[in-house]
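Here subunit A shows up in two complexes: once beside subunit B, once beside subunit C.
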Partner chain A sequence: MKTKLLYLVRRLAEFVVSLVALALVIFSLIFIAPGDPARVLVGTKNATPELLAQIREKYGLDDPFFVQFGRWVWGALHGNFGTSIQSGQPVTEYVAPHAQVTFELVLFSLVLSIIFGLLFGVVSAKGRGKPRDGVISAVALVGTSAPSFAIGLVFLYIFALRLGLFPIYGVGNGTWTDTLWHLALPAICLTFAVTALIIKVTRASLLVEVEKDYSTFLRARAVAPFAITAAQIRNASAPIFTSTGLVLANLFGGTILVESVFSIPGLGNLLANAVTFHDVPVIQFIALMLASMICLASAVVDIAVAFINPLSRGHRNRFPSKAAARTGEGMAL
Partner chain B sequence: MRLQTSMPVSVRISIVFLIVVVACMAFPGLIAPGALDQNIALGAVPALSPGHFLGTDKLGRDVLQLLVAGARSAMIGPVVIASGSIVIGILLGSLAGWYGGICDWIISRYADIMLSMPTLLLAIVAAGIIGGGYWVSVLVMVILYSPFDVRIVRAAVISQKNKPYIESALLLRLKTLRILAKHIFPNIALIIFVNFFLNIAYGLVSMSSLSYLGLGVAPGAADWGRQLSDGRQVLFDNAASALSAGIAIVLTAIAVNLVGNWLTERNTLEW
Partner chain C sequence: MNRFKKGAGIVTLLLVFILLFAACGGGSQGNGASPGGSAPAGGNGTGGKPFVVGVSGTISSLDMNQEAGILNYYISSISMEGLVGIDNSGKVIPVLAESWKDDNATVWTFKLRQGVKFWNGETMTADDVVWSIQRAMDAKRSPGVAIYFPSYVKSVAKTADDEVTITLDGPHASFIWAVSNTGGLFVTPKAWGEDTEKNGTIGSPKDLIVGTGPYIPKEFSPGSHVTYVANPNWWNGKPNMSSIRFDFFQDENTRLLAFTQGDMNFALNIPVDQSEQWAKVKGAQVNFIDDRSYFGLTFDPNVAPFNDEHVRKAVAYAIDKDSIVSGSILKGHGTAATAISAPEQFAVVMSKEEATSKLASVTHYDFDMAKAKAELAASGSAGGFETTITYPDAYPAAGQASLALADSLKQIGITLDVKEIPLDQWLNEIGNGKQGVGWMIYFPTTPEPGEIAMWLLDARGAGYNPANWTNDQVAQLTQQIMSAPTFNDQIAPIIQGNSIAQEQVIYAPVWWGQAAIAYQQGIQLKDYNSYSLLSSNWPQLFTS
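Here is the complex of A and B:
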């Protein structure tokens, strides 16, 4: 129990460190930008000397960098992220209404990815070397290499515009069935882009389990194939679960582009919009929100896996999210 | 010779496709001289119209020619990103791998922290706040991609460091730089090259995502990501405009990945 607690503390500390590093990067960008930070904060408004002086005063731009950073973090911890340049509202009020649809979309895609990832991973492993294994790998390759917005546009054209199976844009009239129907195609696109990881990991770790003695024994005792597969999946659950966490992290990143393709008024679309209008406080807030979600997802999964499977503790990558997403296969080890 | 006999069909097709893309990238003026010629009166005409195989976009520009001309800005960025990050990777990776100790610790922790950052999100945010277009985004990508290369080079250097040929080189009191450059580097060059290749695929996806969001390339420039986002507005008039750009990005990314994966497999077999 003590090692578990120790791991918990260490992983939480890592979470906090990467969060602070992220906040530092996001905050320091306005100072890296060429020219006057005050001018960056003015956005697309007309920069009169009075306005610049006013902004300088308001944000305390003449203070040392870390004083400003500290003040920003202090404000952020109290839910104060400044005022949106575009709308004049407090950033949190401006952004909050858009968060729900993003979370719905991400959750929807996560459920789809787990279902399809497990299904295709098992089918692929059970039929190793057969045509269906090759087909699944090929589709997974398309999913991993192609950018989600390009896939999204192709899907939008085929399924919404040509075949008319799905609505073209928006989130519908608010009833949950209608929302589900509107989010289906974007969710499928996101799923398509991220599921390959779950498929790969499920396939690789199942193939390891199949080789083990207990699998041979179960087969020899003529246990039903379904029950054998269930046992193998249970034993391979730790890497599969880890990959699910990485998928969740990727979903929060991928949603930015997919929302833009399907004109879904979520955080991603709002971010793209804020970027166009140089609405810096909004950009900072959404970036921090999405980034913390990404860090949180991988921290929670790491801790959960460590509690399920003590072997994984300390033997894995410290920050597995992207490294593992790239090497997919290697992660199962 | 072995290289040719063991090459699968998919890899051969990918290589041919990539040669076409590179040709478009190198000589856009020759293959598509009229890419940016506008004909606003014509507007967007659908694909297979006379004289315009893939139709035109909303400014009346020929989509097929735009597609050819767009290869350059779609591919140059990723190539620069991959090269830049591999240079940083080689420098920091060999430092960390060769010297170890505190040097290794600092570089590895730096790589860890950078790896935990969401690449695309940060690139969007950086391009949005800093502004400055294409090359700023390329620079941001170089910084965000390099930790992968640092790790890979570090691991490769460590794997070579304790081999007998290095011991004998040390015994001969060769200079460190010479050992790294002349003895270790040739042995890890293939790993580095494969990683460079795969980075191009990732860079292509990231850069086209940025230009799709209107960051990176200037409005009106020929670029696949840009063409895709502009083409969305005329999806009803000429779907070929957006679709062809989307398909070009997808195919190029798949081709690079196929070749890269094949190289990786060959690489691990030989080791």
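Here is the complex of A and C:
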């Protein structure tokens, strides 16, 4: 129990250090990037140097780097992430509705990715060398290679405009059925782009398990094929879980283009807009929030993998003996 | 069937469910109330369905004092009101002030309209107006509009229950635009404004905005849409539409697909290079109008080699404006510019024909490669040189025009590197003293004849104009424009100052732009021009 607790504490510490480092890096990058929020607010209108100076003063833009960063950290520690330069609203209030939309989209897409990734990965592994294996690999390759905005436009043209199955844009009127309907096509589009990873990992992991002695033994004992496949999936679950964490990161990254194509008012759209307007507090908050989500998901995945397969916990926290690890004892059947 | 196949069957069923769900249209098919419904919006704003306007880009706040881009103005003009506004021809009209007098354009006294109700039920008072003006004057509270209240505004005071007096340091005819909703004034109730301003929620989806105009914001989702409903208590009668919704698009292709599907009634500012595709939509009408925008080159005379007038002239002669306008770049949707201000910018004082004639008299350089070569030969950089021009990613036509210019300049030994940069970076480069040549792109909002000229010709030196140019004579002329007692008095110094600037090739105008709109079959739009979308209650121009 103590080792489990230590493991969790270590992961939490890594998580906090990662966030602080990330905050510093993002703040530095925005600081050195060319662009002046005061000028962006005024646009090409005739602003005197005095007027621009007043706007900069309001947002503390002329302060030295560490003063600005320190002020931001102090505020963040007190739950105040600043004011959006573009909208003039508190960042948390400004970002919250966008975050909700993106989390719904990503969750929807993650569920689809896991379902289709596992299914096609298993089908591909079980049919190694057969046409279905080739077809799945080819489709997965297209999904990985094609830019998601291009896939999005093709999907929109076929499924929304021509077939009329889905709406073209927006998130609907707020009821869950309408939201689901509006998010379905963008979620499928995102899924198409990231599922290849789960398919490939599932296929590769499963092929290793198929070759193992216990699989031969189970087949020889005439155990039902589904039970054998289930056992193989359980034993191959560690890399599959890990790939799911990666997929989550890719999904958040993919939302920027997909939200733009489907006119979804999510974090991706907001982030792109904030970058255009050099809205530093908003960029900083979104980046950290996404990083937190990805770090958290990664930690959850690692912990889950550790509990599924104790071998992956590292030397100090290893639960089974080395001998057991060598023989494969303790693998789930 | 084994259990593995059952698993596959479940997933297949899931797919079928998604498709069936889609076929059933989710939860809101055709109600027209939510953005992106599968059924055509079809609303004309009178029968319960909203009149849907598809716009490119988004707004982040309904508070014009905070964010005042051209899109904010278009949207806000159906809702927020100032003391004055403009009609469809750009003429000043009384709005919340029923009348006014200006003592030699110095002491402005506005008689307020009585009985005007804010949407929250409060009656508008002089205190509300004074508070709104004072807020607009404060750059920290109103970064979007404070530029309209320069230092010449000396005082703002309530001088009677129904009267507000604004005193300037001298005559300034152009001040009238400051108190219009095409410039810097959007009257909100003082108590509500103070409260929401303190909370940082003014103009947000939570508190929206409170004003007096014909349409009341009902719902606002930045990045998605903003919905307005008619104000039944509007002081000027009943608005012609019951509901208007602006849907925001980030991707032009998606907007075109949505228009094709019939999800919107009206699309603003469609891209010129896509206009043919929009016109192919069944029954759609595409209109182009001169939008008074200015696209031109700015030369910083303090940056080598552009500190040499011959170099600047060489570049000016190498701009093939006619080809840019009539060729594949603008496809005829623009006008080769002879000066900074477009002719329509003078609409409050003269006809377009008269303005065109006056602006043609401004010194300008027509495309002539022989003269370009001769000018370069006479310069201190006769052997040619290499330089860079940047353009904002939001304006690809400027990039294409830059490439055309680079081709011409190559013939005389000047290498022009063309770089696309993000909009914010480009804005930051304007007048930064490092760029020898750069683009100036300007979209006027007011009908003020000197709106662009008062900035570009403010030749007091670095920081006052985008070229960091110093010229005492032109600086004095600009002061004359700013302190002119009437709009007519502005024209002569604008023309004279503009001539000097172009004679010295500080600016090389390239084109005056056009904007395209598209609307669906069955909709009529009357007298549409560059002032229409800024005029008070512009939805009245639409009939079905």
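In this text, the second predicted complex is superposed on the first by the 267 of 333 C-alpha atoms of A that agree within 3 Å, B and C clash if a C-alpha of one lies under 4 Å from a C-alpha of the other, contacts with A are read in each partner's own complex, and residues count from 1 in each chain.
Please note the rule applied: a contact is a pair of C-beta atoms (placed from the backbone, for glycine too) under 8 Å apart; a residue touches a chain by one contact, two chains touch by 3 or more.
What you are looking at is a predicted structure, and each value in this text was computed from that prediction instead of being measured.
A.B. asks: Between subunit B and subunit C, whom does A:127 touch in the aligned arrangement: first, second, both, or neither?
C.D. replies: Neither partner.
A.B. asks: For A:25, select first, second, both or neither according to whether it touches subunit B, subunit C, the two together, or no partner.
C.D. replies: In the superposition, A:25 touches subunit B alone.
A.B. asks: Who does A:181 touch here: subunit B (first), subunit C (second), both, or neither?
C.D. replies: The answer is second: A:181 touches subunit C but not subunit B.
A.B. asks: Quick one: subunit B or subunit C, who's touching more of subunit A?
C.D. replies: It is C that touches the greater number of subunit A residues.
A.B. asks: Just to be sure I read the superposition right, which of the two partners does A:142 touch: subunit B = first, subunit C = second, or both, or neither?
C.D. replies: Touch status of A:142: first partner only.
A.B. asks: Examine A:161 and indicate which partner it touches, taking first as subunit B and second as subunit C; both and neither are also allowed.
C.D. replies: both
A.B. asks: Does the superposition put A:280 against subunit B (first), subunit C (second), both, or neither?
C.D. replies: In the superposition, A:280 touches subunit B alone.
A.B. asks: Give one of first, second, both or neither to describe whether A:40 is in contact with subunit B, with subunit C, with both, or with none.
C.D. replies: A:40: touches subunit B and subunit C.
A.B. asks: Which parts of subunit A are in contact with subunit B and also with subunit C?
C.D. replies: Residues common to the subunit A contacts of subunit C and of subunit B are 33-34, 40, 149, 153, 156-157, 161, 260-261, 272, 275-276, 278, listed in rising order.
A.B. asks: Please name which positions on subunit C make contact with subunit A in the complex.
C.D. replies: 2-4, 6-8, 11, 14, 18-19, 21-23, 25-28, 31, 33-38, 58, 60-61, 63, 66-69, 139-140, 143-144, 146-147, 150, 200-206, 221-225, 247-251, 253-254, 257-258, 260-261, 263, 422-425, 427-430, 440-443, 454-455, 458, 463-464
A.B. asks: Considering only the defined contacts, which subunit A positions touch subunit C in the complex?
C.D. replies: Where subunit A meets subunit C, its residues are 33-49, 51, 54-55, 57-58, 83-84, 86-90, 93-94, 97-98, 115-116, 119, 122-123, 126, 149, 153, 156-157, 159-161, 164-178, 180-182, 184, 188, 224-227, 229, 259-266, 269-270, 272-273, 275-278.
A.B. asks: Which of the residues in subunit B come into contact with subunit A in the complex?
C.D. replies: Subunit B reaches subunit A through residues 112-113, 115-122, 124-132, 148, 151, 198, 201, 205, 208-209, 212-215, 228, 232, 235-236, 239, 242-243, 245-247, 249-250, 253-254, 256-258, 261.
A.B. asks: Give every residue of subunit A touching subunit B within the complex, in rising order.
C.D. replies: Against subunit B, subunit A makes touches at 17-18, 21-22, 25-26, 29-30, 32-34, 40, 141-142, 144-147, 149-151, 153-154, 156-157, 161, 249, 252-253, 256-257, 260-261, 271-272, 274-276, 278, 280, 283-284, 287, 290-291, 294-295, 298, 318-319, 321-323, 326.
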